[in-house]
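Common to both upcoming complexes is chain A, partnered first by chain B, then by chain C.
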Partner chain A sequence: MNGHALELGGIEKRFGKQTILKGIDIEARPGEFIALVGPSGCGKSTLLRIVAGLESPDAGRIRSGDRELGELPAAKRDVAMVFQSYALYPHLTAAQNIAVPLVMRRLSGWQRLPLIGRWLTPRATRDEIHARVRQVAEQLEIAHLLDRKPAKMSGGQRQRVALARAMVRDPRVFLMDEPLSNLDANLRVHTRSEIVALQRRTGVTTLYVTHDQAEALSMADRVAVMIQGCLLQLDTPQRIYQDPRHLEVARFIGTPRINQLDARVDDEGVAWVDGTALARCAEPPRDRKVVLAIRPPALHLVAEHHPRGLTAWVKRCEYLGTECLLHLELESDATPLIASLTPELGTAYRPDQRVWVAAEPSQTLIFARSGERLTAAEPRLERSANQPEKLDV
Partner chain B sequence: MSPIRLDPWRALRLALLLLGAAVCLAPYLWMLSAAMKPSSEIFSAGLTLWPERWAAAENFSRAFERVPLARMLLNGAIVCALILVIQVVIALPCAYAMAKLRFGAAGPLMAVVILGLLVPIHATALPIYIALDALGLLDGYTALVAPFALSVFAIFMFRQFFRGLPDDLLAAARLDGMSELGVLLRVVVPNAWPAITAFSIFSVVAHWNDLFWPLIVVTSPEMATPPLGLLFFRAAEAGDDYGALMAATTVVTLPLVVAFLLAQKRFIEGITMTGLKG
Partner chain C sequence: MSESLASPSSTLSRRLSAPARRQARSEALSGWILASPAMALMAMLILAPMLAVVWFSLTDYQLGYPGAIFIGLENYRALLDDPLFLTSLGNTLLYTAIVAPLSVALGLGAALLIESETRGRAFFRTVYFLPVASLLVAMATVWQYLMHPQIGMINQMLALVGLEGRNWLGSSDTVLWSLAAIGVWQSVGFNMVLFLAGLTAIPRELYAAARIDGAASAWQRFRLVTWPLLGPTTLFVLVISVINAVKVFETVKTLTEGGPNKASEVLLYTIYQEGFSYLQVGYASAMTVVFLAILMVAMLIQYLVINRRTHYQ
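Here is the complex of A and B:
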């Protein structure tokens, strides 16, 4: 289709003394949908505004296909953006709002003048714009709203008009800044799939900013996780979830939050928690301290003498219909844990019950204290008698 | 119709308002009444509002005969219109730049604007007069319009209003392909009509009624604005033809009164808004 590759190289941005973006590199293939996700204040919106040309970066370059965008003003970049606040022109009807990008690009300055402009514009051009607006409005099912002004529309309707305004021309890049965050939950899930379908059909390379990790995972071809101005990982949703390269990524992606256990590593690389060997890393870090991370669905309840079993107390059982979240507290140091169980299994447990939990070593992710992921080694885990009873971690 | 309850407090409030209205309206009523009376009645000892003999036709025709009243009204309209148009055309881009664009001089410029608000015309009147005299521009439209063409009040007021416009809206306009001038004309101005209307009312009222500046720079009756025309009238008539003077005054105040009655709602909105912002 008509997608262009988008390439961001070493983008840096400082506001005063504060560094907002610390060298961001992203390469999007033509037509790719990339979601930028991260907690608020991580710089994802700033990055989007830099691509749009609304902010200028302190360093770095932006290319779209064979064109350098970095030096061009926003009006010349040929990118379309959907704003969180929709940013519709309050004094124009929906049809006029949608037509603005076409009017600005297809008509000359004289033809855009009020009143006399009409006489200077060939009828064919006007009809063309009119037809294109109508076509886009029909695609988005807002044809009946075309004569209305934004003040007389609901949030969802305004959102569609904003989408239509972005789609009405074929831009090089779509930029979307949390376009769904002002919609109610039902509409949001519905609109998600619509946006993905529209993006597939138009084939325009898209950067989509969101703070909602579920939105990012469900919509994007690839997800870029940004934390505090750094791009920590850019990968497919599956790999972001299953194979996070950084502890912050593991923590940010997935609800409920991933379980974290502080562990000590011996010379063999075996990670111990409370006298139990849980995993083994290929190269033990120098400080011998690691963080083990286990997704709640990977944490299983086991029998008392399981070799990797940890003793915990049930604090609370959260019934959610499709699953049951068991909130636990480790007996040794009160580390909070969450296990996601089937509803039948989960509801059998009562608060203050003593249980044993364990995870497969393959499901246990090992991170250095600094956050980097460590390679796991083939497990050789037996309970050995010469290990100290208690490890202070 | 639901009956209006008249409790004592409401009655008191209404009485006070009526009293205030009467005090404010009395001079106007007296003006109207005098414009209708022959001069013998104006100087009679009794205090009657209703004329015994109607002399309106004589008074008004004398008013138009003795001074070029029509010309003065036209002068007033031209001067007010020129001042307003130039003020708005200059202040809109200034205010937009100061409110929404980032540049180094924005801070100092704002200080200059505030400073400008603090200096009254009376302080600068003499230097401006000398300058206009040196340029040979006294006693003409330029002298009447030029000192007011740049209104710091307009810049300040529009700037405060523009700051309330969402940044995303302007960003969207830029991404849609508009230049900064395009953003101003196509997005900012259409959404700034309340501010522009308010300022227009303020400006027109101030300059239609201004006596101070025309008195300084205008000497010939052909260049006089309406308030100055009244002054010429008095001087010319040695102060005894009050009937014609009041008729002329009525004619001069009429445009604003009619405008007020036609656009009462806008007028009050405008005044309250300038009250808040200024």
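Here is the complex of A and C:
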């Protein structure tokens, strides 16, 4: 079973005067798993519905392999979708629900009639559908639920039936619209890996919409970050986290949220915060204002006279078992910062304690005020300075 | 050891249970007291009249004449031999068989059309509902004019396309069908409103799922989603329509008075005539009991079928 490439080009969508999607381009390789992630209202679900054929775009094209999908109605696109609400037919049993995509495609209107339809359908066709439903149900371990109606199932079981209905025929594309968000936390983590395993096994190209960055990063081959109708970055999870191309991406991905410092850039390209040089950009922006972004684990506590040290006050210490989040406030302008420390290190600090923090220039991301990422230059200012010392307690 | 432990606790429970029992009793008493006005009204206004009708039906009671003799099931036996009652029963059943399915089907159709329409939804809803809100007795005069053999608009329009008009309300061939048409006109709006309520309860995502699952046409989606999910609503609407159709009276009383030649004689009108024109209360009561029995059977069927089908969500 081979997947088909999926290609979205210049997808635009407006509702009234509001532009929901501003020219989205995504190219998925055959069998690739792409997560669309973004805050609510960013247009990711609309994009999914456009690919499904439930909404029509104002511009753009959709190709799957060698087939244009854009002009086809939803029923002819050969895509499968799992809805957030699962959208199971409440009057049908699990088996009948799973069989619907096969029945709708293989049987005529007469053959779908109740009672006499059974008599008009060739036995072989019926057996085939039955066998396929059973096979998919066994793959998803829901064979024992086949006679039950959705009302008699738990949320997790309904979710599996919805997955089975999507898998029962081999679609060109899987579309999943927050399929895990109605499950409780434990089941969600467990089902994540199951969905990934199923997707790998079937090799069907998948678009997966979620607002949960942990889901996106852990499941997908590549993550597409969408903010306000724009696709800001489409990259592997590692690069999305470590090398965000836009400030919004950096802000959206990663918990706790990335630290941001407003800095001024001099003619040399050196970015200054409160009289301290923290980084250097290759091409200083015209307005000389940048935002420096530092991931909480990259922010270290240093000794008082560190060359890149910033003075801050401890506000709160959040103990989380595997790490300890130190909430800080910059002394100069009360910018809030978070440092992620090991529990042993973090618990030693008390509120209203004065500390010094610094980050490696290589770990300091520079963004223009408009949000674009700026290239960092070799930090000349560092030559004479010592490496940052980690404060031992 | 265990006995000495158990005895104080059991005396304690006995000591506690007496006041608890007293409190439960006083709670039950105040419950009865609070419910009694409603129960008294119910007995007076609903149960007593029904029992009175059943009792009258077993007597030869005539309004204005003193005394009534118990004659057992004699009235019911007479009903079986009464050609007027049998005609009336037959007409009522035919009328119901026309009006109920048609008004359900048209009500569903109107609801589906309005639901799929984005603009002017409130306008169409109001227009279709107008006949329900209007007084049927008053509207009957309009219908009388429309169906008039000479000056009626229906016949005039038929003449325009070269068809011969008929005496809609004056001929025994057409009168029941004409009354049925008015009945349908009157009840479609009400059924439509009930169907609209049922339609809004169907989750939108089911239609999206149906489209992706291969239900390409609106008809396929109707069969896969709308019709089964409207099942309980449809049953309810059907029973209400049957009950309303069996109760047809105003149009008959105002337009045809059962004629011509008893062709539009219906149950309620026959009961009315027996009871209030001929003052045969006992006989009319027997007819009323039969009438009530028909309504009860309709409601019982609905109750049984709804109970058999489990609720979906």
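List of remarks:
The rule is simple: the second predicted complex is superposed on the first by the 380 of 393 C-alpha atoms of A that agree within 3 Å, B and C clash if a C-alpha of one lies under 4 Å from a C-alpha of the other, contacts with A are read in each partner's own complex, and residues count from 1 in each chain.
The working rule: a residue touches a chain if its C-beta (ideal position, glycine included) is under 8 Å from a C-beta of that chain, and two chains touch if they have at least 3 such contacts.
The structure displayed is predicted, hence computed values, not measured ones.
Superposition note: with chain A as the common reference, chain B and chain C are in steric clash. Of the two partner chains, neither chain B nor chain C is touched by A:H190. By the document's definition of touching, of the two partners only chain C reaches A:A151; chain B does not.
When the two structures are aligned on the shared chain, A:R354 is found in touch with neither chain B nor chain C.
After overlaying the two complexes on the shared chain, residue contacts for A:R29 are found with neither chain B nor chain C. By the touch criterion defined above, A:H130 lies against neither chain B nor chain C after alignment on the C-alpha atoms of chain A.
Comparing the two interfaces of chain A, the one with chain B and the one with chain C have residues 49, 52-54, 73-77, 79-81, 83, 85, 87-91, 100-101, 104-105, 165 in common.
Against chain C, in their complex, chain A makes its touches with residues 49, 52-54, 73-77, 79-81, 83, 85, 87-92, 100-101, 104-105, 109, 112, 149, 151, 165. On the chain A side of its complex with chain B, the touching residues are 49, 52-54, 73-77, 79-81, 83-85, 87-91, 100-101, 104-105, 165.
Per the touch definition, chain B reaches chain A in the complex via residues 166, 168-169, 171-179, 182, 187, 190-191. The part of chain C that touches chain A in the complex is made up of residues 203, 205-206, 208-216, 220, 223-225, 228-229, 231, 310-313.
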